[in-house]
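Note that subunit A is present in both complexes that follow, paired respectively with subunit B and with subunit C.
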Partner chain A sequence: MTRVRVVSELSYLEVFRILKGESPVASTTKKHVQSPWGGFVFVLPSILAMAVFVYGMIGWTLKISFSHLNSSDSTDNSFAGLKNYRDLFQDSDFTHAFSNLLKFTGVFLIGTLISGLIMALLLEKGIKGEGFFRSIYLYPMAISFIAMGTSWRWLMDSARDKDGTGLNSIFHMAHLDFLQNDWYTSERGAMFAIALPAIWQMSGYVMALFLAGFRGIPDDLREAARVDGASEYKIYRHILFPQLKPTFLTVLIILGHISMKVFDLIYGIASKSYVTKVLAIYMWQVIFDIQDFAKGSAIAIIILLCIAVVVIPYLAYVNKTEEMK
Partner chain B sequence: MSSQLVDRVLTKDIKMNAKRKLNGNEQFFLVFKYFSLVILAIIAALPIYIMVINSVKGITGVTQSAAFVPPTHLNFDAWGPVWEQMKVPMGRTAFFVIQSSIISAIIGSINGYVFAKWKFKGSTFIFTTFLFGMFIPYQAIMIPLTQFNQWAHLGGSIYVLVFAHVIYGIPICTLIFRNYYAGIPNELIEAARVDGAGMVRIFRTIILPLSIPGFVVVLIWQFTSAWNDFLFAIFLTGGSPNLAVATTALNFITGSGNQVYYGNNMTASLIVSIPTLLVYMFLGRYFLRGLLSGSLKG
Partner chain C sequence: MLKKSKLAIAAVVAVALVGATVPASNAATDKKLEIFTWWASGGEALGLKGMTDAFTKANPNTAFVNASVAGAAGTNAKGVLVSRMKAGNPPDTFQAHAGAELTSYIKAGQVEDLTFLYKQQGWDKIFPKDLVKTLTSNGKIYSVPVNIHRANVLWWNPATATKAGVTAAPATMEEFIADLKKAKDAGIDGIALAGNGDWAIAHLLDVVLLGTLGADKYNGLWKGTTSWTGPEVKKAVSNFTTILSYGNSSKALDWPDAGKLVTGGKALFFIMGDWASSQWQADGLKLGTDYTWAVAPNSVDKKPIYMWLSDSFTLPKGAKNRDAGIAWLKVCGSLAGQDAFNPAKGSIAVRTDSDATKYDSYLQAAMKEWKTDKLVGSTVHGVNWNNAAMASYNTVVGKFYTGGAKDAAGLIKGLAAIQKNGK
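This part shows the complex of A and B:
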């Protein structure tokens, strides 16, 4: 078992070495070329850029969020403590946007994970026409949300029956009238509806990640299980899925952070509509319409924190496995 | 490494069904599989299908009740006026996107080279701090960035977007190139060092000639994300019509209040999507490689 895995992790260069009859070991004992300063000098400009424009500016946003800059003509830069954050949690628009975002994240994560996994499972063993299906599933990643918003707005139009367009008219024609609904304008289901385009957009990406995961598992593992008489279901359940744990983790991190900052997708379809308001949209309103920079910064910091609590441990884990290599 | 990941995704040939007669169960299962694949493909294609068929029905020929019905004859009436509206913003977008992608790729290749092959003390940690920049919500830097923009008087020109996409593209471009260069054997570099070549010379004579696929991946990635970007564009240009880019101009056309002109809206959305779709169609493999590189672990 372990031997098989080791083989799968060989790079193709190492495989070439084996094919040429050489030992693959020589290149696996990596000696990194050490140079004390040469490399550092070349990345220094980027390090400075990251320090100023990522970390410095996050710090600056944090500072604004602790200030009294609550209107466009305010110059009161003094320290306000957590006032803006406290105000936010009293603000019904904020709590509304936050709970919308949590709903959206739940639906989007589960929906995308399931549909991406189904696509990958269907294609995973190799099937005629695979390239065609893969390309169709993945093309949404290449188009902007603002452009796709036009189509989706139409598909999810709330008019019904004879006046219906889009999905409602399809349901009407198929005599599935109970499926007709108000989509992203409905009071209760708006976040579910607005998650559909997001699922549509990201499923292909998740499929690609899972396909890569499946195909990283050596065929011998399946063959061995089959010889032992395991059913297909058991092979997936006990052999393949456990091997995909890192892929699941990656997918969750990617989808999760995309979900927390979702902006164009919702803006492109529903603009600033109340029922689909999430944190990023609310922040945009606070900054541009109300010009409350302190409050806007506080919202931004909250989005950042939501992402950081998940991403920082993940990066620490990646960093650790990287150093172990 | 991401290139191997892509090979994994792309080169699984049909070993399973190779010319073996399938039994009844397996045949049924295969039909079921294709059925599901086709249903999923129809769902995936629906939004772009609507866009395409409704863009060739003319300006007034688009009715909601016939939204899914293909046109009886092709009518490109909507294309002319929409193109008149969109050509300047799209040209402007092309202008800045090409520059920002090239600069990003150059910076990324230098960084990637150092982080993969010339590690210094703390370089892994620094690289990880770069990666965090990939995950941050741009909202968290947007207010200081607009202030910086005003302070540095960048706001009046399109170069503010070149600047933003270059700076915030550093993490992903560095990551893609680092993963790419990690696949180049260290022996190659050591041999060159024995021959007396230094860091810069090795980069120029050995690494760069091998980098073309890496450049294609990064250029495509930066092109697609900058072309489709809305957040930076709307914040940094403040919605000024003199600086309208593809997405902001499109949003101006299709935004609420203008939703009666379906033919125009669909056509404009399609026209804006054509450049990235063409890139996807012809260089899909490299696009996929960029996507998988973004997943960090490969």
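This part shows the complex of A and C:
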């Protein structure tokens, strides 16, 4: 009997095969590796590039965040310890940006998970024209964040009633005037409004991941459950969803780190506006407009830490499950 | 053999003739000139083209590269410039506002002293003395101004004014607010607001500060003699809050779109610099019939005040084509260059010997007032505060505006903190 493999173990190649409906295993023949050093030399360029451009740059940013380079004409590279980090947590603009980011992450995660899961549920049994629907749901991912930002900026414009354009004018024409609002210029609801285009774009991706997860579960389990007399609902609840836990975790991690880094979508919609400011935009402003390089680097390191908190435990967990096999 | 030598002689003669017709040593010897501005569209781009045509005529051997970055008031361009300067790859000349905005570059040692050029071209005699004084830092001058814009201008559409029952331009803040109410009663937005990027709202605050405090106390804000937490600023912020409440409901318009609200009859007033006029003319509208102007309302000063800002060009240290950069600066300060640039840009020339017949009726009136009015600088456009302070200014005002214009105390506290943190 074939062992059930969970989605987190699958490579992208295998995911595509599953989506196409084939078996994930390519072939059983293995190439004999000539020598261990050959492989190492092959990946050496990548390692070097990573060392310089990722870890080297992170180290440089860290160094600047510990310095006194607080204005455009400053050359004071002396060690300032955690001064810049302490200043950040007393800076009301920073805490505002952080809380905006958390609000955005929450709404984005929940919204994308729910809509992606619903689309996957609709498609997973296999319907006529599944390829067509899959493509439609995935298309938004192909649009650049800036192009999306520009069109959603128009759609979510805050002018109302007769002056309205975009969504507000649709609501006005449908006599749903109570739904008109300020969208991304609203003091309290701005981050919810910004999460809308983000959810619209990433739902398709989440749907694809969940579809792969569903398809990875062998039909025997479902058939066995049906023979035992379980209803469709019980099949989903007790058999399919528990199998999807690793997929669910993958989706959470991927969406979580995307939302921590979000910049171009928000910049495209609202530029540097205060109500929609998140960490990445505040960092841009501090570095390029105010030219306080040490403070900006400190913000960058904090963003990195936020992402690390999300990604590193996941990597450790995947490593552990690989070793357990 | 004979044919070949005849050909050779002919070639030498031809080269000699061509060599003799190359313009005199004023032409740049560098192959290329790279300029950096934020004039990417509309009347501003047209004005820049006038000056670049004058440059290419005088320097035909130099290729012209325009590395402009779009985004009003340089909000995007300045960021790009910072990274280029830090990387040691400056353009051959870049646009910067005259005034405090330049001090960041001067303090960082990134621009060259141009006093020699002023003496050589005689600009210290032809530019207005007060302006040259503002440009002088520790006895040295670091930029060549090409224009003067006026920031405290009130624009409106005569047809809309008639509909709202407004017969004359408001002279004081109180009359202005009363007119805004008349517009609202007639079902029209009182004032067009351009919320995108926050700078236009800060621009409005500048003009309201001037109109409520008067020129002397306004200038005192930057010198430290007027307190930011005093009653005058409190009254100005209260006026500002009232004016904002008559604004259009879309909070993120660009300034040209906000201007269209006025010319399209959807809003009554627009407080914006006089670059609005060149934008509207580029759109095909007529000064006087489709839109008209007055000095922005002022409750304190009896005579009109000129809130000025000036675009200027610099010579960065380490510019690759220094000679071409200097040739460009010469065109910037020349009569031909300024009179080609300014009518299309919608500003007035800095030179006092400029030819008034090339300018439209608004600009001619502005030229007259420039010679006689009391001058105050525009904060949002680089005269009173440097880049970092201006970025904070936009943020603080933007926070106030998008918060529904409710936290007046927070706004005053934020502004006082910017002044305190120093230029």
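In the analysis below, the second predicted complex is superposed on the first by the 284 of 325 C-alpha atoms of A that agree within 3 Å, B and C clash if a C-alpha of one lies under 4 Å from a C-alpha of the other, contacts with A are read in each partner's own complex, and residues count from 1 in each chain.
We take it that contacts are C-beta pairs under 8 Å (C-beta built on N, C-alpha and C of every residue); 3 or more make two chains touch, one makes a residue touch a chain.
Computed from a predicted structure; not experimentally measured.
Look at A:Q291: by the touch rule set out above, it reaches subunit C but stays clear of subunit B. In the overlay built on the shared chain, the residue A:D182 is in contact with subunit C alone; subunit B does not reach it. In the superposed model, A:D157 makes contact with both subunit B and subunit C. Touch criterion met: A:E323 reaches subunit B, while subunit C stays clear of it. Within the superposed three-chain model, A:F94 lies out of touch with both subunit B and subunit C [touch as defined at top]. Look at A:F66: by the touch rule set out above, it reaches neither subunit B nor subunit C. In the superposition on chain A, A:F192 makes contact with neither subunit B nor subunit C. By the touch criterion defined above, A:S271 reaches both subunit B and subunit C. Set against each other, subunit B and subunit C differ in how many residues of subunit A they touch, and the higher count belongs to B. The residues of subunit A shared by its contacts with subunit B and with subunit C are 153, 157, 159, 163, 271, 287. Put simply, subunit A touches subunit B in their complex at residues 11-13, 26-27, 30-40, 42-43, 45-47, 49-50, 53-58, 60-61, 64, 115, 118-119, 122-123, 125-131, 133-155, 157, 159, 162-163, 165-166, 169-170, 197, 200, 203-205, 208-209, 211-212, 215-216, 246, 250, 254, 257, 260-261, 263-264, 267-268, 271, 280, 283, 287, 293, 296-297, 299-301, 303-304, 307, 311-312, 315-316, 318-319, 321-323. Remark: subunit A residues 71-73, 93, 153, 157-160, 163, 182, 184-185, 187, 190, 270-275, 284-285, 287-292 touch subunit C in the complex. Subunit B meets subunit A in the complex at residues 1, 4-6, 8-10, 12-17, 30, 33-34, 36-37, 40-41, 43-48, 50-51, 64-65, 67-68, 107, 110-111, 113-115, 117-121, 123-126, 128-133, 135-145, 147-148, 167-168, 170-171, 174, 183, 185-187, 189-190, 193, 198-199, 224, 227-231, 246-247, 250-251, 254-256, 259, 262, 265-266, 268-270, 272-273, 276-277, 279-281, 284, 287-288, 291-292, 294-298. The part of subunit C that touches subunit A in the complex is made up of residues 75, 78-79, 82-83, 104, 107-109, 195-198, 248-252, 266, 387-388, 391-392, 394-395, 398-399, 402-404.
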